[in-house]
Structures are given as structure tokens and as C-alpha cells.
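Here's a structure for you.
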């Protein structure tokens, strides 16, 4: 009898319709084929391209000085806030958490090597906490399946960056993500709403590759005073006084207005406004930037210039 | 014992026939067409919102700017030799508008069903047309074209076989499996450019794409197309990008423009 | 206990309303070059509409949110310690919330500053149990509460266990508690309350993460003092790892925080101060400074054009603190 059942099961299984993969557990290596320079060596000062910034976001970004995150002790080991972590430095590990009573997946847990960040995405239908509880860099996340897509909502972020050249994000930010796995590729579409600094939602997508051999490690960081400074010094630029804002436009021969971001600059019709733009005759900075190793300097080694 | 076994066989059989149906068709009925079986609606007008790689997409990058593209030495040598004037003279203005690149260009798309088995994508930027054929395979020996030959399907899983969902013993309901993605594989491509500054891809390129639709809390509908370019001649590893399009209510902003070399 | 645990008690429905009481007093101070009597307090919100929410913070310490400022409660075998008592009408509800945490008597009340939304419940809490309750605050709080131009208050609500030194410490419920006086900040009588064992700081209105700091010039406040006070908080706080957790910070109003958010807030006040200072150096009047909108990149997070403490009022307070000439 058992043999008959077994045979029948085998036949049915072999002819059953197959379903898409939907487990995200494992080691994921980030692919930096998009916005490589922003995500690896880092965005240039004054580069707000691709961001639907409002006036407040632009003003705050203009006031930012890079000394803030190196000289001010409290910033030295500060992680990227969760929505920016997706743009990501570093490998990611995801694992399932099961409810022992039902053996259902009730959460995804994540670990990023960068800043040893940890995140939980609850799948058990729990509500988000009230606003007065402590906010965190990773926020509070819940997820629901929509077919083969996991849609995640995150609130309760601490203030942070939308881009690490000073473009801010506020504690009012809300992130929606859509995760889809296609074979060994994971695509995460992120929709960031931040009424403080964005004129419309910022929609971006990032890709990871399944890499079982990867081992996300530690991120040693120790904060300590390295430069003598008065207590409570906050490096910043007064309004309209930042001397570095035109560097990006000059280095890459981009019209300055285009570097200021804003929703208008994101749509195809903006190309008409760019009009008589002429690119540089030849690339001069970060031309071969593809990985950490070849993005360490803006300029190629002497023999390759 | 015999009764239990028989019951199990009956239950499993019902489950098998309930779930082993052809896409959309229940046993005994003709299978549904890809159009009828579409789990999501990709038709309509869509606008590219350029929030990533802005200066590589909205502007023509400088010559020899390969940032982010995993080119090998041969690819870089060819890229450094980019000559837009020669492309113009050769009538190859559309070299940067081929299937591996066109979705990355800032523009609008109009997606329609040409027939029950063919999804059509028209672009205003470069006035290109892509035809995504459900079923079948690329014809052998056909002349390569900018858009190549695209074979589409509503995504099937790569691996994994499951028992029917409702058996309660030892199994929880499946999650995340009901596919909603469009998978497209394109071959037969004419050699072209991944970017307008002459970053090359070869004729042997295979392009794999996945289209995924989402609806946001503010009412907007988007799709993301994950584009995987495999070119053994010029790329060290596959070149992977993902591009986001927002749905429009109508053709507002539709602005057909011809291919230009720069 | 982790501060990420959702609160246990039913939700608060009313926003902070009785800080209106405080801020009308501040409004009066800002609009007059000379000290003038504090305007009469408006009608308080119906206490029936307010629900007290309790949030466990860390170890012995809890945060109560109501219609006035936040209240901090420390429990243990020695009894209950309360920091800031909100408004008088809420005292029964605050006591009820405390009773759910501990059945021990209240022994100590600490006022972080003089304002009525932090001292209004003093008398009721002081009389709530069989044992005497020590009410502690900086001596400037006592002076302000007993000033001739202030409405009279009962002796039972006065902080008669005052201190005048830079710090005051004592041991209670198994941990050291240190009061730090912050001169000329939100007012001239501000105290930070540091629970050394629980690793929690109550800041009073020196730190309010969801609004610009109220600078009560009439009661001796100044922007320089606010900045110094925020830096003092940063000297006390130590994050656990990667700038998160560790020392928790209970603000005067608003959500529970840790060091990272105090840094953001300190940066904001410092930058706004620097901007307005620069405009004063350029000879701008108050109206021109307001027209320049030096806070516009912070307004969505902290500012408002309506209510008891507007952006304009904050700008004016900073302007006056810096000696700007109207």
C-alpha cells in the first residue's frame, strides 16, 4: 500500500506545476552596477542628481560639511539609516525566524556587515508601534506577500541620510520595499517618502546576487577625538556660503542647475532643458570604478592615464 | 489501513488535478492565452523616472566612462575607440537603443497586446518597438536586429516541486509562490552599446529581463525591470541593472524622437 | 526592558495641550522687552479626554506620556521616584498609572524646571501616600514659583528640597541619581536627571525632539544655555553600539530617544544660532531675520506656524538671546 502511495506521489510531483522561488534566506552580495560611484567611493559634494529634493532638503544638504562625520565624535560610528543601507555598503545575510508552535516563518532577520546593522522584518501581522517609542536606524518593518513579491513597510527611522554627501532624511520618513527573487538575483525596489525633504516619493531599485560562500563579518569602529576642537563644534556652512557646491558640476561638465535635483529633473522632458550640454571629451574621474579596489582613487594609475 | 490508504490516494489525486492545470485552464478546458493568463497588467503608458545613474542616462557620458560596467579588457579597448561620427556615417544612430539599453534610456513606453501571444513595447525615445513573443523560440539564422528576438513567459520557477497546498499534515501553506513576474529572454541582437558613450555589447549577447509590478499606498503603479546582460565577449560578469517606470493615465508627454548618436 | 516594546496602556488621544500654559508665559516674555506679568493661563483640556500611556524604558525606569510634559517614573524597593508631574488635573490618572507599576509609596518628586506642565501635579503626588514626599528642584525653580508676580501655589507643591550647586546626587532604588543644573537654558532652573544604574536621562524641556526648544527668556532662558545643556546631555550619554541604545533619553515632550537624536537636535540649535548670529552681524533687524527664514530646512521637522510655540517665536527668542536689536 505504501508503495502505491509513494508511486502516486512521485508521479504527481513530477507533473505538478512548478512555483517560483520565494525564500530570501542566505548570503547576498550587492551588485554595484548602478550608481557605482555614489555607492562605493561616495557621492561628490553637491551631487543631488536623481533626487526629488524640495527646498528644505537642498538647503540642508548645502549646509553640510564632511567634517561633521569625521571630526564630530558622535558621528564616527553612526550607521546609515535603513533606507540608505539598502544602497549599500557590504554584504547581507538573511535568515528565517520560525514560530516553534506553528513552524511558520514569522520574521526575516538581516545582518549587514556595514556597521554590523541588524534588521527584523515581521511577517506575523503585528501592527507598528506608536510613534513615541524609540526610533532606530533600521526602523520597524512589517511585510506581506503579494504573489511572489514581499512588500515591506518600515517606519520609526532615526534621522539620517538619503545620500551620504549631506542629503538628509528625517524621522518622518517611511519606506516601502518590494522584494522579488529571480533565481540567484534579488531585486529590491525601495519607495522612500519623506515629507520633510522630498517633493515626491523617491523610487530606486538595487540588486543582489546569491553568494553562498560569502561571510558577512564585523565592522570594527571606535569613536574617539582625533582632531582638537571646541566642545560642541558643529561643522557646517552658512546659507549660500558653501564654496564646494559647484565642484561636481565643473568636474563632470554638468549644468549646475541639473545637479541641484528636484522632481523636474527626473523626467524625460528635462533633457530638452539640458539643451546645449556638451560632455567632456574624455572621462577624467572614476572612469573604471567597478569595485572597491578600482574606486579607491578618482584617477587611474599613472601608467594607465 | 486500506481505507486510510485509499483516502490518501483519492485526496492526493484531487489535489493533483486541481493544481496540475495548464496556466489558467482547468482540466477539460482549453488553456488560456498568455494575455488571458496575465497575472498583472503591464499595458498602458509608462514614464521612466531617472533616480539612478542620472548622469549616465540623462546626459551622454564622456568617452571612456565605464563606471559600473564589468567590461573586460577587450570591451574597454573598444569603448575607448568610440567614434560617434563614424556611427552616424554608418547609419548606426540606433546603436545605443538596442534591447539591452533601451529600457535604461529616459523616455516613455507604451505597452499593449499586439495579439493574445505577443506583448508590444513602443518607446518614444528612439521610436523603437519590442515584440515579446510568448511561447516558441527564436528563429534560427535570422538577421540580428537592434531589438533581437524576445521570448516571454509568465515566470516559472527554476526548481522545486511541491505537494498540493492543502494537505494539512506536516505542511504549512506555501507563501510567495504565485508568480506575477514577466520573464523575457532576448537573443539575435545586433552589436550595440549599453550606454550612449559607446560601452559595447556583442552580437552574442543574451538579455534576460524580469518585469515586476507594484502598487503604492499613494495610488501610483510602478514596474521595475531587472535587466541581466550576459556578453561573454566583452563582459567579465553579467551586467545587472533595474529600472523603474511609473504608470501614466494617458499619453501625456509622449514625444517620439529619432535615434541620435550622442 | 527594551524601549521597543509597545506601550501597555490605552492610547493618548489629546496632543500636548497644557504646555500652552507655559508657552503663553513665554510668549509674553518675548513680546515685551521688559519683564511683564505672565498672561493668564487658558482653560486646560478636559482631563477625561487624556489617557496616560506608559512606556518601559530601561531597568527600573518608565516614561509616562500625557497632556503635559513627559513624566519619568523609577520604581524599586525604596519606593517610587517621579520626575515632573504634568498638570494638576491629570494627577489622578498619573497616580493610577504609577499604581500599575508599583504599590510602593511615592517618596521623591523632582521638577526639571518651573513650568506648570511639569509641576502642576506636585501637590497631589506629594499627598498621595502615607509618607512624606521630598520635592526636589534647583533653587531657581523655588524662587520662580514663589515670586511675587506669580499665582500663589500651596506649600505642598513647592520644591523645598532645593539645591544650588552644579550637581546634586543621592542613592535610591539601588542606583545613583545625579541632578545636573543647566544654567540659563530653557529657563534658569533646569535640571537633568541621570539615573546612573538604569542609564536613563530625563532632560525636561531642554530637549524636545519634535519641536524647536522653547527658550523662556522671562524665566532666565537663553539659546546659549540650551546649546550648553544639550552638550551636557551628550557628555552623559554613552551609546551601546554604533550610536544606538545605551543611555536612553526621556525628553520633556515627544518620543523616547537616545544619543543620536540629541546630537541631531544639538546640531540644529547650534546651526540656527550660527545663522541668526551671522544675520545679526550683518545688521539685520528682527523682521529681516524672520524674513530670511533661517530655519526653513528644519521647519518641517520642528516648526509650526500655529499654536503655542511658533517658528517665529523661536527665531525671536534666539535673536534676543544673542543680543539682537529689534
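In order of appearance the chains are A, B and C, and numbering begins at 1 in each one.
Keep this in mind: a residue touches a chain if its C-beta (ideal position, glycine included) is under 8 Å from a C-beta of that chain, and two chains touch if they have at least 3 such contacts.
If you're wondering where the values come from, they're calculated on a predicted model, not measured in any experiment.
Following the contact convention of this document, A is the list of chains adjacent to both subunit B and subunit C. When you average the Cα atoms of each chain and compare centres, the chain farthest from subunit A turns out to be C. Counting C-beta pairs in contact, the chain pair with the largest number is A-B. Between subunit B and subunit C, the centres computed from C-alpha atoms are 57 Å apart. Between the Cα centres of subunit A and subunit B there is a gap of 24 Å. Computed from the mean C-alpha positions, the centre of subunit A lies at a distance of 36 Å from the centre of subunit C. Touching of two or more other chains is recorded for no residue of subunit B. Listed in rising order, the residues of subunit C touching subunit A in the complex are 3-7, 11, 53, 55, 65, 209, 227-228, 230-231, 234, 239, 241-244, 248, 254-261, 263-264, 266-267, 270-271, 274-275, 278, 294, 296-301. By the touch criterion stated above, subunit B contacts subunit A in their complex at residues 1-2, 5, 8-9, 12-13, 15-16, 19-21, 39, 47-55, 58-70, 76, 106-108, 124-125, 155-164, 172, 174-181, 183, 197, 210, 212, 214, 216-218, 220, 222, 224, 226, 228, 239-244, 246, 253, 255, 262. Within the complex formed with subunit C, the residues of subunit A that make contact are 55-57, 59-60, 63, 68, 72, 74-75, 77-79, 115-117, 129-137, 140, 158-159, 170-172, 195-197, 221, 231-232, 234, 236, 238-239.
Within the complex formed with subunit B, the residues of subunit A that make contact are 1-2, 4-5, 8-9, 12-23, 31-37, 49-52, 102-105, 145-151, 176, 178, 180, 182-183, 185, 187, 189, 191, 193, 201-207, 209, 252-254, 258, 265-271, 274, 277, 279-284, 286-290.
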